[in-house]
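Structure below; questions to follow.
Read from first to last, the chains carry the letters A, B, C, D and E; within each, the first residue is number 1.
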């Protein structure tokens, strides 16, 4: 395996969403991300999976520089992304780009495709001719040049997402964060976008941080996967390994809940595990292991202590009191 | 609790706004060119009369000091002497405000009732002829200045048909009821004088209608569109699918959410109404604060202008406060989210 | 729809001419589509027609008005207060002037008022709204929005009357007065749009790429405010004309003998009900132009709503 | 926008309706219950029979005897389906009163509402009744909706994408809940979804919809074993597999504009097997398998590929459009 | 202090409201209802305008009373004498006069009233600036001391209204700008009277009406059928007035009705129009310091070019062109004064002599008319049209009254021409000459001419201190000739005061049996109401 391109160390992000009481005000915090450590290697597709509100996007936004972490560090090729107090330098902005979930709002509806694409071009490639650069980008993502002067609302959802990808690529980044890039699209359209992404990765040697909640999709594209639950990572493993040997009870619950369309897939799912309970509010995370309200194997210790992340097998980590390292 | 916090915040905001308004008004009143005192006492009065009055009004002090005096006095409800009526302005305001409020509230009642009625009918018969008629009416209501309505109403209902009186609050010779609230309708009811009450109502109708037309039209439109919009909402379809009777859906499940946008603009419409009262009271010779204010403006009566604007500002802020609370009561989402944020 | 995927041509081979042609075609297509949608709404067409008609009347008043000299110094007491006739379609006023001619010229004042006020108010209000909205929850927001709260705390007509009365009464000061009361509405409007947009992903994407704040505010967010602004401007033309007429009606706007519409209504009220035409036609003229702007505004609103939906 | 939909549901049967976003699944069911807002909706023609009676021909009084007692619907978006300005109780009680079809005291209504909420595994129902929808989480809202629908003990339940707005694990819980509750009452279900996986795991028979019309109907096992319509085939291929093997390119092109649907077969613009006739003529329904009057085995498809004249030879079914 | 005054006022109005109610039904037959413009001040030291004046004459008595012919009769003062130097005036009062509260009117009340008026200085106070003081010699004798002899002192006493000292003191707020005298009862007197006149305040609803009731204890004689109630209704709105008139709810209209409105009123059944003579003249005031009006020939050219006949014809029938700077009805008017009439030849002749004759278009003349008086616009427009004929460019500007007051207060801001009606407060020519053309009044709205002519000033001062009437009038005549020569103003017409009135009102003013002095045309004790 190559060098890690991105390292997150004990990353935390708390949002203050309100205050208690009127007189003695104490902030009410949402622990959106609560102590996450991950490494991404150059050229890989790293999958980040988790239920809604588990903090996936928050991690993505911190990496992209939209949020400043409450604590912890993110290093990109050895450089701390949040060094110093001010904004991120342009050369780092160029290297890390992001594609958002909602194709509807990720393009400016009142500007043409060309104008949308011109924003990063003007900033990062001031020397190049904007029009020819735009044409080159469209060609890269297989869109006809006639799209240049169209407005986003004349494009289908999939096409909009492709334009958004083109915009992210305009700066020649090395790391692209894909925050659920296809979840708003239909399955019959999703394939095209995913295949485009895979092709671009090969051609441009990109690293992807790929966020999704579609495990079947993840299975097909990610080299490594991390599962998040309530702001914490509960399991990290290689793509295939992960589906063969899910260790964490939550991972098992997740996998067993996936609806599949063939018997052979059915066979791959772990033993039927009936999901139960509600996801606790991130404002009110239960003490101990945060999964203890839903875990079928819950016992004493889970209520008191938060388990540590341990390496079960090589490159397979999990955080559960039930699990012991193999060696 | 949430609602209380919400109300608390709104009141705090209202106080802030009124203070700010006071500063603006003071500034506006002081940029006035010329010597208001000389204007007031007339050209034949000797100079020492003018000097005397300037001294009394602190007009010789530096502006910040003047503002200090003004604010101190204003906080105690003292706006000095009106240059036109020669009376204490605060007294004038107390004297004339009830008439304007009575008119405005009566207009508000007319406009809201009419708007809800028209809006509901139009929404239920959307795109039918009756909806189109109501639409045309709304357009005319919105685009016609209130003073034009006032004139038209006088011509038709007072002159041509002679159904209703054209001017004043009471017919000649009918003595006003003893003053309790200053509202002739209420005061006359308090002493059980039905004849006076009826007379007061008859005098209210035309000016109130002239004031109400624009907001009625506006609110009818809003009601119509929000009702039509809500009719397509899933929760209405859901209620239907669950077998809730059409009548109940209309009366409850549709009406309440549809009222929210209508009620929200009532504050604005009320403001527009208070503004238009300046013209309407003039035309109907309505002895209210608006006509008083209009006269004050035309004669550059500085103290009176300040007091009148501030009075209207306060009423308007209070009305908005009330509307906000009402909307918050109608729409739990607002008060529920008021716990946090700004 | 009509998006053809026929790009056999290599993009890099496109000539500047091809690109210009592409651009022209898309432009034509966009305008065509907008016009098609707009033209399907008969009310907005009527509105637009009315406004064009009125604007033409105002611009070509000297050629259209049957008695342009009646707008200038003129007295003809022998012909005073004549009811509508074939010579004077709208009758004559108490000084013997042709009301039709004066109404046509009166539109000049109404439109000047509307256009000037909006020209003052829109840029100021919009920029303030953009700044306050973009810096939501920070000091520019507090400063700007609290100021608008204060200005909005007095009914606009009252504030306009007060300011106009304190200044010398004339059209210019009336415009100043109305402008002073009007800008907060645009600030409010743009503020609410901006606060909604600043969290949209396209704004975030620009920030992440390193676009400057002014680029984001004026190039990314502003274009998204344009349609509600235009809609509001159209409706506001109507309101401003009404407020202007109201000011004139109480003598704080256009001063006689200049033919302000509100001024004419006011002077005509002294001759009601017998000589009704003196105030009736100017009043009708106000209603017509305001109605035109309202219809157009509603049409634009529907148009933009359809485009976004 | 809907075009010639024929659907049959038998007592106690679970039927699925799959199709991509915006293909008209919700609209079909709203039309069936006659709760489509009109305007903008408009029903051009057709009949909807429930136990032999035409719902579209009924007046308000008659139809309300059926809605909320014999047929109910759970709506797609639980937030939108609950009125935001009323408490849960305020929305619950008219439903219960109507369903009971008898005079109930306030207390009884309340008791039944509480029972219904307990039924859907919601804790602290007393407090819940006083809550406004905004105060509930997505899962809770969905359960409240289900509770309301089931409180009416319907004979036919239309469930529109239950749990789709939620997470996989929660969705699985919701589906299980509906499944369990319905089992006891022998209620028929129409399950609307865009997920083939969900369909496969929950229903007996499937209708596949594309752009406002039904393109294929088959019992679940048959459909997954042998999808006939090119659209169904494309859809199946598009779904990423848990077994890996990459992601297919999906179906080319985009879903047609409903304002202006393509002539002939609506799928012909995207169909890999498109023939001349497809753009000219609407394909009729071809029965591939099963007998008239049979309940289980019938497999129908709307595609010229299965017409003897034009495509691969197949049994000709009767034209019902 | 203030709260006491407050509750006093409240109690008072409550009481009068309830006491008025039974009266209203019984006495409805004897009402005199008059429309008025608002505000109306019934404080003798504040009110001086038209409506205030009319209220004051009814509520208060004065030492002397003006006759229709301009002479003065004894009134509260039965007799008086003057010292030889003309500086001390002694008045002997009637002893049977009681105030509305029943107390007796004495010399100290007179002295108090005078001091109050002079201290406050508003309203008619200015008339007494040449008087040093008044003091009560005994209960019924009062003595005034003048700084210099004045022929006008006696007539000006019709504006000294006698207040009930005790009552005013009882209602004086301690805090006020008059030192020991607190607010001098100003606040209380805004809505209450302290007089002895034929009528007393019964109910005063601000902005709505002033209701006065007959005072049965009045010492004077009411005419037969004198009204039991006099009600001033605060409206001048044409539509309203018309409705009231046609419903028989108004006996006499205000004087602000337009010609058109009056014509309409006149057509009503039983309504007639009275055109009363007045002391008011309508002037175009020419600023003699501003080019081209600083050349007398230009001014004369204008005076010859103006179409007086048309102007007069726009007014109510019976209106006459003015003769010189003094209205005809005033004592001391000079009927032989030079009067301009339209003569374009002479105008051209004069214009030719004007230094600006060749460059008139460089000196456009602005004529300002007062926006509050819309009828003035016609005259301004007529002027513009007339001047166009001799080649003088004119611009018509409408200006609100307050701006006129402000503009005319300084020479730099005074416009070319202002059109203004000026009324005399005293029945003879002297005061109005002073008010219009003396340098002392140059910075006020009543003189836009800016004559600043010392000789003229001296002549006016001299005439005013002449005690002998004939001699005085002769001096006035001379001054009028002198002014007319200079053409500092265009003398348009003597205003007639137009009122619509019901024919069942027996109104002395119509037959010329009331003084044209402001207010006296409505002296209700002399008006009969036959219905």
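We take it that a contact is a pair of C-beta atoms (placed from the backbone, for glycine too) under 8 Å apart; a residue touches a chain by one contact, two chains touch by 3 or more.
Model, not experiment: these values are computed from the prediction.
Counted by C-beta pairs in contact, the busier of A-C and C-E is A-C. Of all chains, the one whose mean C-alpha position sits at the greatest distance from that of chain D is E. Taking each chain's centre as the average of its CA atoms, chain B and chain E sit 39 Å apart.
Rounded to whole angstrom units, the spacing between the C-alpha centres of chain A and chain D is 32. Centroid to centroid, with C-alpha atoms defining each point, chain D and chain E lie 90 Å apart. Among the residues of chain E, those in touch with two or more other chains are 239, 372, 400. Each of residues 159, 283, 298, 300 in chain B touches at least two other chains.
Counting partner chains per residue, chain A shows two or more touched chains at residues 159. Against chain D, the residues of chain A that register as touching in their complex are 51-52, 156, 158-159, 186-192, 194-195, 198, 213-217, 219-221, 240, 243, 253-254, 257-262, 264-265, 268-269, 274-276, 278-279, 281. Taken in their complex, chain C has these residues touching chain B: 137, 146-147, 149-151, 153-159, 161-163, 165-166, 238, 242, 245-246, 249-252, 262, 265, 269, 272-273, 276, 279, 283, 286-287, 290-291, 294-295. Taken together, the chain B residues at the contact with chain E in this complex read 33-34, 38-39, 41-46, 48-49, 52-53, 55-56, 84-88, 92, 95-96, 154, 158-159, 165-169, 172-173, 175-176, 178-179, 283, 285, 287, 291-292, 295, 298-300. Taken together, the chain C residues at the contact with chain E in this complex read 73-75, 77, 81, 94-95, 168-169, 251, 255-257, 267, 269-275. Of all residues in chain C, only 1, 3-7, 9-12, 14, 18-19, 22-23, 25-27, 30, 200-202, 204-211, 215, 219-220, 223-224, 226, 307-308 touch chain A in the complex they form.
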